[in-house]
Amino acid sequence: MSQGLELAIFGMGTVFVFLTVLVLITQGMSALVLRMDSGRDGAGIVTQGSDDGLDGELVAVISAAIKQHRSSG
Amino acid sequence: MSQLTELWHTTGLYQISFPQFIMILIGLLLLYLAIKKGFEPLLLIPIGFGGILSNIPGVDIAVGTGILHQFYVMGLETGVFPLLIFMGVGAMTDFGPLLANPKTLLLGAAAQFGIFTTLLGALALTEFGVFDFTLQQAAAIGIIGGADGPTAIYVAGLLAPEILGAIAVAAYSYMALVPLIQPPIMRALTSETERQITMTQLRDVAQAEKIFFPLVLLILVALVVPSAAPLLGMFCFGNLMKECGVVTRLSETAQNSLINIVTILLGLSVGSKLVADQFLVASTLGILLLGIVAFSIGTATGVLMAKLMNLFSSQKINPLIGAAGVSAVPMAARVANKVGMEANPNNFLLMHAMGPNVAGVIGSAVAAGILIQFAGG
Amino acid sequence: MSQLTELWHTTGLYQISFPQFIMILIGLLLLYLAIKKGFEPLLLIPIGFGGILSNIPGVDIAVGTGILHQFYVMGLETGVFPLLIFMGVGAMTDFGPLLANPKTLLLGAAAQFGIFTTLLGALALTEFGVFDFTLQQAAAIGIIGGADGPTAIYVAGLLAPEILGAIAVAAYSYMALVPLIQPPIMRALTSETERQITMTQLRDVAQAEKIFFPLVLLILVALVVPSAAPLLGMFCFGNLMKECGVVTRLSETAQNSLINIVTILLGLSVGSKLVADQFLVASTLGILLLGIVAFSIGTATGVLMAKLMNLFSSQKINPLIGAAGVSAVPMAARVANKVGMEANPNNFLLMHAMGPNVAGVIGSAVAAGILIQFAGG
Amino acid sequence: MSQGLELAIFGMGTVFVFLTVLVLITQGMSALVLRMDSGRDGAGIVTQGSDDGLDGELVAVISAAIKQHRSSG
Amino acid sequence: MSQLTELWHTTGLYQISFPQFIMILIGLLLLYLAIKKGFEPLLLIPIGFGGILSNIPGVDIAVGTGILHQFYVMGLETGVFPLLIFMGVGAMTDFGPLLANPKTLLLGAAAQFGIFTTLLGALALTEFGVFDFTLQQAAAIGIIGGADGPTAIYVAGLLAPEILGAIAVAAYSYMALVPLIQPPIMRALTSETERQITMTQLRDVAQAEKIFFPLVLLILVALVVPSAAPLLGMFCFGNLMKECGVVTRLSETAQNSLINIVTILLGLSVGSKLVADQFLVASTLGILLLGIVAFSIGTATGVLMAKLMNLFSSQKINPLIGAAGVSAVPMAARVANKVGMEANPNNFLLMHAMGPNVAGVIGSAVAAGILIQFAGG
Amino acid sequence: MSQGLELAIFGMGTVFVFLTVLVLITQGMSALVLRMDSGRDGAGIVTQGSDDGLDGELVAVISAAIKQHRSSG
């Protein structure tokens, strides 16, 4: 029972400390991200890679090729 | 003639025991609740069906080389199934509302009171000789109050596998019953005026914030409660796959075929713990009772925390969303929305309640880590 | 120079034995039949390819730590693969036609005569010294007559793994050959008039009947033949997921990605039993011969049962649909339809034949349970 | 061999008994279901839950909320 | 108070070692490269995240019963994960361009020089006392030059699991860096005129050729290098499923849900080898250095082979496509295309480069088989 | 080291021999396939089976049967 009480106190304490710290860090992280974004005047993180490594240009080339192939096939 | 007798002895009708019969009825009841009443069917159908299979006499299904026991050994003894589910849930979770209003994380903390008070309750009942729960069992029972299925199963599998069946059934049943359990408590603890509080629109959240959040969370877990790292690590991994935008095919598999396969196998594995001699014991009743107490306390402390926060902040939050801090995603958030609309039909709390709702997942995973560390091994 | 010799000794060309060479040809033959002749390609392509891999000399693929042996240990020794396939098949099965005309279940019973007469045949051949089959092997051979792939593999895996390769090859080959094997028997046992019998439209079946049926079946299995519960339990579970309508995502995964993944692994595992020293034995010939006998007897008894039922009933059934009682879903039902249309071009028997067809799955699973119980352990 | 004969007889017997009983029970089940359905004057079992637990009303609410959120955000 | 101390001792902040801290930073770096720079995200996100998880102090994730160690034991120690990936890659591979111009297979052979020279380099560095690599480790390092992820992981898992983490990180990083590593080498070894060579349109390839090719390849592997049969066998199996056209559902599962599931688990498993005490050793630096040397040599020998072939053939090939022989599908083929277009904007080499590109996969799998046979067991 | 040299020589040799033989066999296979195709005056290998074994005729039959069943049911 005393072991349980100890566990309950420490447990609830840790949960609160953890989530409180998370609130602060999250706020800090968001502030940082948003400041960097506005500093860069724009769109935030733009991911370069895509799922299959195809870039827009290549997609366009392939699409054009397929289109041509179909229309003439 | 003696051969006919022998044949008769191979039938289930001859071999079935009364407890097995009861358990088959309970399995059918779970299926009824899932199919007809919509009680968390994704889990309760496999669990209920697995429970029936496990109580068929004269054949090894839930023991030895039986298929359900094999699934159990493969996925629950190892923790693999709940962790993969957690990864999939992570890949389905949108932290946007939480990031727009990070203070709601505190509501997800407060609602975990239910876990620890129930743990104490279980130990007190043992003290008074009503039940006989070990510290491990008490911890596993408390986690029902976390209102998070995979977390409950993960903790029970590690700390008290002998009561895993009862805990899973309790957790999913009460999650399904959230629309019945929570509203009276929410109404009792709030005034009409409080329930009418409208909240300001949530700000837009940048993609970068969503990418950084699971990493920030992971690092904090690593530094503060490493014992919660398996659960929250897999959760954050799933979420990062979703948000980073460059591994769509992995994220979609984690959210679909993988989580579905694991859900089927996990449900059947849990069903294998519904064998009569493990489930039909007095402690199961205690678990069911304590479970609903845990839910109720979590709901209450979530609401009270919201009221407490309003004392110190100019920007009021509607205390109803505190109840969503227990997790039970997304049911609890919907309940908060519904009760809020009763007081003010134009008050859409759903998005606001999603913040504490996912915060509750984090909160109970942290609590789970602590329980495992103190009561485990 | 000696090093070149050593190098030469590592090649397959140096190490290959004649039986391995033959088995590679047999593997290629199976691939040819699957790709070019449409013989059950979903199974025969993995089995045939696995068979080739298993007979490559000088490398452990089907033994020890070889990948196919690992798949075998993981999924066939344990029964996991065929049971998961059965779950998926359950999730694909529509019991509607059976529910509209439950008497056709008897056709699915009659067609199992093939199983047991073949079992006796195998034992008789042993008695006469032609072959040397144990009771376990005879039972596993008989089950080929069940015309159900996963059931045959499940039984063989438990009772006689040493002949699993031959049994699986026989079962799937004959299932593919149903359009050649069955029609002559069907025509020989029926008159033109009988084949022209048209059957009344099947009534509509309510959703509730479809939901209750797998549960009714499960309970009956539990009470009468518990040893069939793993197979039929997983089957009913899949079917319930499909029919209950509240776990669509699980049902779809069971019917698609899960069953596909398991089919690939199961096929390769079966292929691992096509190693030359296990497959190229006299008994394989016996298994192939007995297998086709089993199919033929099952077809005949199914048809005869239908004729017998017509003696006692005013509502005549076309005896051709009795042949569909062997299972081989849905091929046998199509064959019944086709032979029926030869006699009467406006006679659509397909839906009527689906009833005995799925009844045959139940019948052979029940038979499998009994065989496992008596011959196993 | 005699063991095999015994197995064959009992096996085939059990298959027949099992499926015959199943015929009867299925007929009974269907009769019961259909009578209850007609008693209820209608649609038979209507499953309440759906795959994700969303009912129509709630979908409407969520859609409205999201719409409002977006238009003002 | 002592309890607070005890609590403090459970935190990661107290327990973390400096090497663990560094490894977490390296994990974050891999995630950054994957997400922000597009470095092979499908693998580097699971590997990087798994690497972070593996270095969280005070909790067993990458060792003992930890989830990542379980994945490692299940899939990497057994070879199951890389072989299933290889099957999926086979099901995605189109051998059309290779069949239209089979001579390009020789380019895929030449580019494997990188593997063997690097092996010698690793042994030479050991001779000179700079590093201390065993023959097994040297072989595993050499295979980085194969520029094929699953092959490298498979070989390292069998021959030198202790350096698997470093090898996988090197292999995938350099595959992502192909657009930076290869062009300077390609330009240095070719003249402007050579780079401008246009190649004739590839002929159409019949379906039958595509079906026979994986079988021809399989038989040749069986007869010549059986030790390469697990890798190439699974690869050919996947390709046959794709091309035969009768098992579309299996082929699609192999290309989608199955390979995605395995990719997630494989990545996390590899991540488990990024624990500080295995990764932060001097030899890792050596592996990274030797890996880039292997890539560069392979690129060079591929280009030189193309020039050599032009000496003996009237139908000239553009030597740039020789660089695609290293594998790194399809990145290396795109790089060849891009460098070719710099010299002649109307020169589309992409399809021509796909031939040597997939030939490189075959070549390095053959090399892997030989390495495993000589250095293994 | 000498072991490594041996491995490198044999390894690279085998890779080359293997792929050279594969070139020849592939060319032979293609020649054979294409000759057989043109001999058959047409479409090359046409796979009989399909994923679910349904051929066009059968699909038509089934559709008709279902239609009839529904319209009269």
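Each chain carries a letter (A, B, C, D, E and F) given by its place in the written order, and its residues are counted from 1.
We adopt the following convention: contacts are C-beta pairs under 8 Å (C-beta built on N, C-alpha and C of every residue); 3 or more make two chains touch, one makes a residue touch a chain.
What you see is a predicted model, and the numbers here were worked out from it, not measured in a lab.
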- Item | Required steps from chain A to chain F (each step between touching chains, minimum) | 2
- Query: Among the other chains, which touch chain D and chain F together?
  - Reply: C
- Item | Chain separated most widely from chain C, comparing mean CA positions | A
- Message: What rotation angle takes the CA atoms of chain A onto those of chain D? Round to the nearest 5 degrees.
- Response: 125
- Mean-CA-position distance for chain D and chain B (Å): 26
- Query: How many angstrom lie between the CA centroids of chain C and chain E, rounded to a whole number?
  - Reply: 41
- Query: Approximately how many whole Å separate the CA-defined centres of chain B and chain F?
  - Reply: 49
- Quick one: report the Å distance separating chain A from chain B, using the average Cα coordinate of each chain. 26
- Query: Which chain F residues touch at least two other chains?
  - Reply: 10, 14, 45, 47, 49-51
- Message: Could you pull out the residues of chain C that touch at least 2 other chains?
- Response: 34-35, 38, 41-42, 211, 224-225, 244-247, 249, 256-257
- Message: Following the definition at the start, I'd like every touching pair of chains, please.
- Response: A-B, A-E, B-C, B-D, B-E, C-D, C-E, C-F, E-F
- Query: Given the complex with chain C, which residues does chain B contribute to the contact?
  - Reply: 10-13, 15-16, 24, 28, 31, 34-35, 38, 41-42, 45-46, 49, 52-53, 56-59, 61, 65-67, 70, 256-257, 260-261, 263-264, 268
- Message: Show me the residue ranges of chain F that touch chain C in the complex, using the header's touch definition.
- Response: 6, 10, 14, 45, 47-51, 53, 58, 61-62, 64-66, 68-69, 72-73
- chain C residues touching chain F in their complex are 3, 7, 34-39, 41-42, 201-204, 331, 334, 337, 341, 348, 350-351
- Item | chain A residues touching chain B - in the complex, by the definition given at the top | 1, 3-5, 7-8, 10-12, 14-23, 25-27, 29-30, 33-34, 36-37, 44-45, 47, 49-51
- Query: chain B touches which residues of chain C in the complex?
  - Reply: 78-80, 83, 87, 211, 215, 218-219, 221-227, 229-230, 233-234, 236-237, 240-241, 244-247, 249-250, 252-254, 256-258, 373
